[in-house]
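Given below, in the form of structure tokens, are the structures.
In what follows, chain A forms one complex with chain B and a second complex with chain C.
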Partner chain A sequence: MKQFLTLFKSPMFVIGFSLFVGTLLLALLGPLVFNITTERVGVQYAPPSGKYWFGCDDLGRDYVSLLIKGLQASLYVGFLAGIIATTLGTLLGIYGGFKGGLVDDIINMVTNLFIVIPSIVIIILISASFSEGRSLTLIAVIIGMTAWTWSARAVRAQSSALKSKDHISLAKMNGANTFAVITLHILPYLASYVFMVFILQVATGILTEAAISMIGLGPLDTVSLGTILNQAKNNGALSDGIWWAFLPATVIITMVVFALYLINTSAEGVFNPRLRK
Partner chain B sequence: MAIFEVDNLSLHYLTRFGKKIHAVTGVTFNMEKGEILGIAGESGCGKSTLVNGLMGLFIPPLYPTSGDVRVNGESLMNRTPNDIRQNVLSRKVSMIPQGAFNALNPTRKVKDIAADVMAAHLKNVDKKEIYDRLVERFDLFGMDTKKVLNSFPIQLTAGERQRSVIGISTLLNPQMVIADEPTSALDVTTQKVVIRLIFDLLEKGIFSTMIFITHELPLLRHVADNIGIMYAGEFVEYGTTDQIVFDPRHPYTKALMGAMLSAEPGQKQKKPTAIEGAPPNLANPIFGCRFADRCPVAKEDCKKSEQEIRMVAGRQVRCQYAE
Partner chain C sequence: MLKQYPTLRYILQRGGWYFITFVVAVAINFYLPRLGSNNPVKIIMGNTSQGLSSEAVKEKEEKYLKEFGLVKVKNGNIVRNEDGSPVKASILEQFISYVGMCFKGDLGTSFQKYPKKVLDVIKEAVPWTIALQLPTILFGWIVGNVLGALAAYKRGIFDKVFFPISLLLSSLPFFVFGMLLVYQFAVVWDCFPAMGGYAGDLIPTFSWAFFSSAAYHYVLPFFSIFLIAAGGQAIGMRSMGIYELGTDYIKYAKWLGLKETRIIAYLFRNAMLPQLTGLALSLGTMIGGALITEMIFSYPGLGMAMLTAIQNNDYPMIQGCTLLITVCVLIANFTVDILIGFLDPRVKAGLQIGKGK
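Entry: the complex of A and B
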């Protein structure tokens, strides 16, 4: 815990963290401050004004409402995908690396298979096959199920290096079973590492969701930052110079991902004693 | 009566591909109460494997091939690991592990590590009781007990860590202790402190009998009553300390003594000589004498017949030409 508190001594972390908390607060508290509605309120592509800060879209909906709803959706996808990918990757990686032998070989083979096939292709194919009922949760699950590979491989390397440590063989000698060894002796070692992997996976989740939504394979049941971009692209907002249709969404995505990357990079500087100042 | 008897003990590792590696072959010795036996040999000769075998604790891939180990006449063979842990380890036989820094989990406090170890050996334990016991025992070591117990291993000095490890190993007053290179990772001054600590416990009667495993022969000379020299999984020579150190008979023991620096008067000019070659690969079957390839006095027939243990000048030697 102490280590997590020392994070706040790093200015980079403080910047990233405040940016991220800012967007989180916008998503959570936005509905209390702004009147969120997806009904038609203004004319088509009404430019930004005092009443509609970011103008209106092609259906005359207020962009502030859409952006807040979209941010909520993107964060939800990011966190759900991140939790799935990190849990899956960490469990498979630790178990494979610790057990070794045939189990490790099989897990390794599956991991390599997933690494070799570009995940975006799998995501596009699965998303495209759900022409109906493509929900936000489904997309998050698909992203999570394809993004676990690198974390599994990295965690496997660590746990496989740890398993030959003396204190682990002594723990086994004292009768600790696989579960006890993993939870008491390996996971605490990897906690900071898993935390960093999780942050990266959340960022990847948000970016991937935006990418597939932008090409029109996003969720059908809600607005996300990606679908806002998709709409803007489909209606030719870019060539018509309607900047308020795509710029705010782009900036928000960039900001969230940038904040997460800042957190990850600064965390490495704190958790890795060699980089610690 | 001998309290610890090892009878023709052979151990092997089973690799993933079904290959057997015979790490220890035909080790036999008896120990009386109060005896200190030193076992010496080069790296990879099977010392640490032997330690596991002597405790009767066979964790795959280590398996017993043949032979028997008896503590107070009670055999340790063919027993479940749990039975061994609760009835033998820590009470009758205890191990002081190699390298204190690696033996302690860096993410847990010393008292939690100790509690874990105790929980493995006692059925119903109270955390408070263990803590009191730890404080009492650690106070013997002249350390800042409260501080050490509430520290993470990384916050302790090398000596404190080693003392903690020894303290945890001997907490349940074992009859005998197997020390597996307890000093190998320490500098000379700390080594001395640790050795003194072990002998302090011996004098205070916390345990009486000890097997001391090391590759440092000069150390054994000062601490052991008897010495066994191991080579490629076998005892090649086994006798009293004076016999082994001052009058070695097996060619390997002689070579080992020759490879050592000595600070004795009149010996300072002597240059240590290396033993040429490398030990045999234990994964392959070996015929005849295992040292024959490196032996300066080997003859043609050394590799043809299995070497039996002979009594030469009052000690056991595994060489047909030793005199």
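Entry: the complex of A and C
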């Protein structure tokens, strides 16, 4: 835990962290402050005004409501995909790296296979085949299931380096089983590393959702930041110069991802002394 | 086996591995679109069968079923049940006929542009994608690496300004950056065209009018990819450079009192390796890399072809594009593996002792 506290000494981390907490608060507390509605409230593409800060979309819906809902959706996708990808990657990586042998070979082979096959291809193919009932959760699960590979490879490298450390041998001599060795003696060493992987996976999840929605394969059950952008493009808001249709969504996505990148980069600097100078 | 020829053995080993990957990729490409409950023939029939008699409809449907490999075929004729209805092909049989077709270079027929072949649609689109991507990737790679190397070596104020900017640039979703460029340069200032690969009233020919129009339409898509690519490369090069600066061999070289230029040369030779790998990989993802950028600019490349395919549930077309993307990525990875075998002293040493991976 102590190593995480040292993070707060890095100004880069503090900026990234505050930015991220800011967007989280906007997503969580926004509905309490603003009146969230997806009903028609104004005319088509009503420009920003005192009442509707970011104007209205092509259906006359208030953009503040849409953006907050979109942010919630994007964060949800990011976290769900991030949790799935990081958990899968970490478990497989640690288990393979620690166990070695045939299990490791098989895990390694599957990992390498799916690292090489572009995940965007898999995501497009699955999303395209669910032309009905494509939900936000489904998209998050698909992203998570395709993004775990590189975290598995990275964690595996770390844990197989740990395998031969003295304290592991000692624990094994004392009769600790694999589960205990992994949870008590390996995971703590990898905690900071897994944390960085998780942050990057969340960012990847948010960006991938936006990309997939942009292609027109986004969730059908809710608004997300990606679907807002997709609509702005499809309905010609971009070429008509209706900036409020895409600029606020752009800024929000960029802020969230930038915050996550800042957190990751600063954590790298703190956890990896070589980068400090 | 092949002990005397470690390099050849290495290449064969990697080649075999990539062949397995290829088979898995083809299987995924075949199977995933069949996950949903979409029947391609129904979709295409819905598009084309209006106003036909039921006899004609049946005939047409069977023709499509045969064409998409959904029924058993023997000597060019559909195998039939006793009541005359066609025998459905099992998923394995469908897969075998799909693979057979792929190897013959036949990626099927587009639903939407029926009876145009998928391969022909792809052939028209790919030159545009390559023309957009190849120069952009190369330029972005060179500029990004030079900047990243400077940032790593100089650190200080240069690094402090430059690094956050490239970080911000690379957290901007790349397609969104394209949208911002369109808005600012094509809508607000109206100095560059927002859409298309050339002016709408021209036909692609080898004429000055066409080339100048294409060049004019090239500017915005180029910059939308270039800046992001350069930013990403710069970040990678910076951290590689910093990492290499801290290694023992650099310290040793410094203790030996080698000239600084010499040390930098060593440094970059080693830091360049992963960057070269990155270059080869991004050349491999080139075909699929700019899908969304092309969509935003309605650039007539593969991304646009895929977008229209997605919007029209044109599965053979989607499958054709994804297969092409996958194959390019696989080839790039294979090339990288071979290149590393020759360039990386560590892998090379491993090969010579015969312990090569």
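Note that in this section the second predicted complex is superposed on the first by the 273 of 277 C-alpha atoms of A that agree within 3 Å, B and C clash if a C-alpha of one lies under 4 Å from a C-alpha of the other, contacts with A are read in each partner's own complex, and residues count from 1 in each chain.
Just so it is clear, a contact is a pair of C-beta atoms (placed from the backbone, for glycine too) under 8 Å apart; a residue touches a chain by one contact, two chains touch by 3 or more.
Here the structure is a predicted model, which is why all the values come from computation and not from measurement.
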Given the touch rule stated above, what does A:45 touch, chain B (first), chain C (second), both, or neither? neither
Looking at the overlay, does A:216 come into contact with chain B only (first), chain C only (second), both, or neither? second
Chain B or chain C, by number of chain A residues touched: C
Between chain B (first) and chain C (second), which does A:254 come into contact with in this model arrangement: first, second, both, or neither? second
Look at A:173 in the shared chain and tell me whether it touches chain B only, chain C only, both, or neither; answer first, second, both or neither. first
For A:128, using the defined touch cut-off, is the partner it touches chain B, chain C, both, or neither? Pick first, second, both or neither. second
Between chain B (first) and chain C (second), which does A:229 come into contact with in this model arrangement: first, second, both, or neither? second
Once bound in the complex, which stretches of chain A touch chain B? 101, 165-167, 169-176, 184-185, 188-189
Sites on chain B touched by chain A in the complex: 16, 57, 59, 81-82, 85, 97-99, 102-108, 116-117, 120-121
In their shared complex, at which residues does chain C touch chain A? 17-18, 20-21, 24-25, 28-29, 32-36, 38, 155, 167-168, 170-173, 175-176, 179-180, 182-183, 186-188, 194-195, 239, 242-243, 246, 285, 288, 291-292, 295-296, 306-307, 310-311, 313, 315, 318-319, 322, 325-326, 329-330, 333
Counting only contacts in the complex, chain A reaches chain C at residues 112-113, 116-118, 120-122, 124-126, 128-132, 203, 207, 210-211, 214-217, 229, 232-233, 238-241, 243, 246-247, 250, 253-254, 257-258, 260-262, 265, 274-275, 277
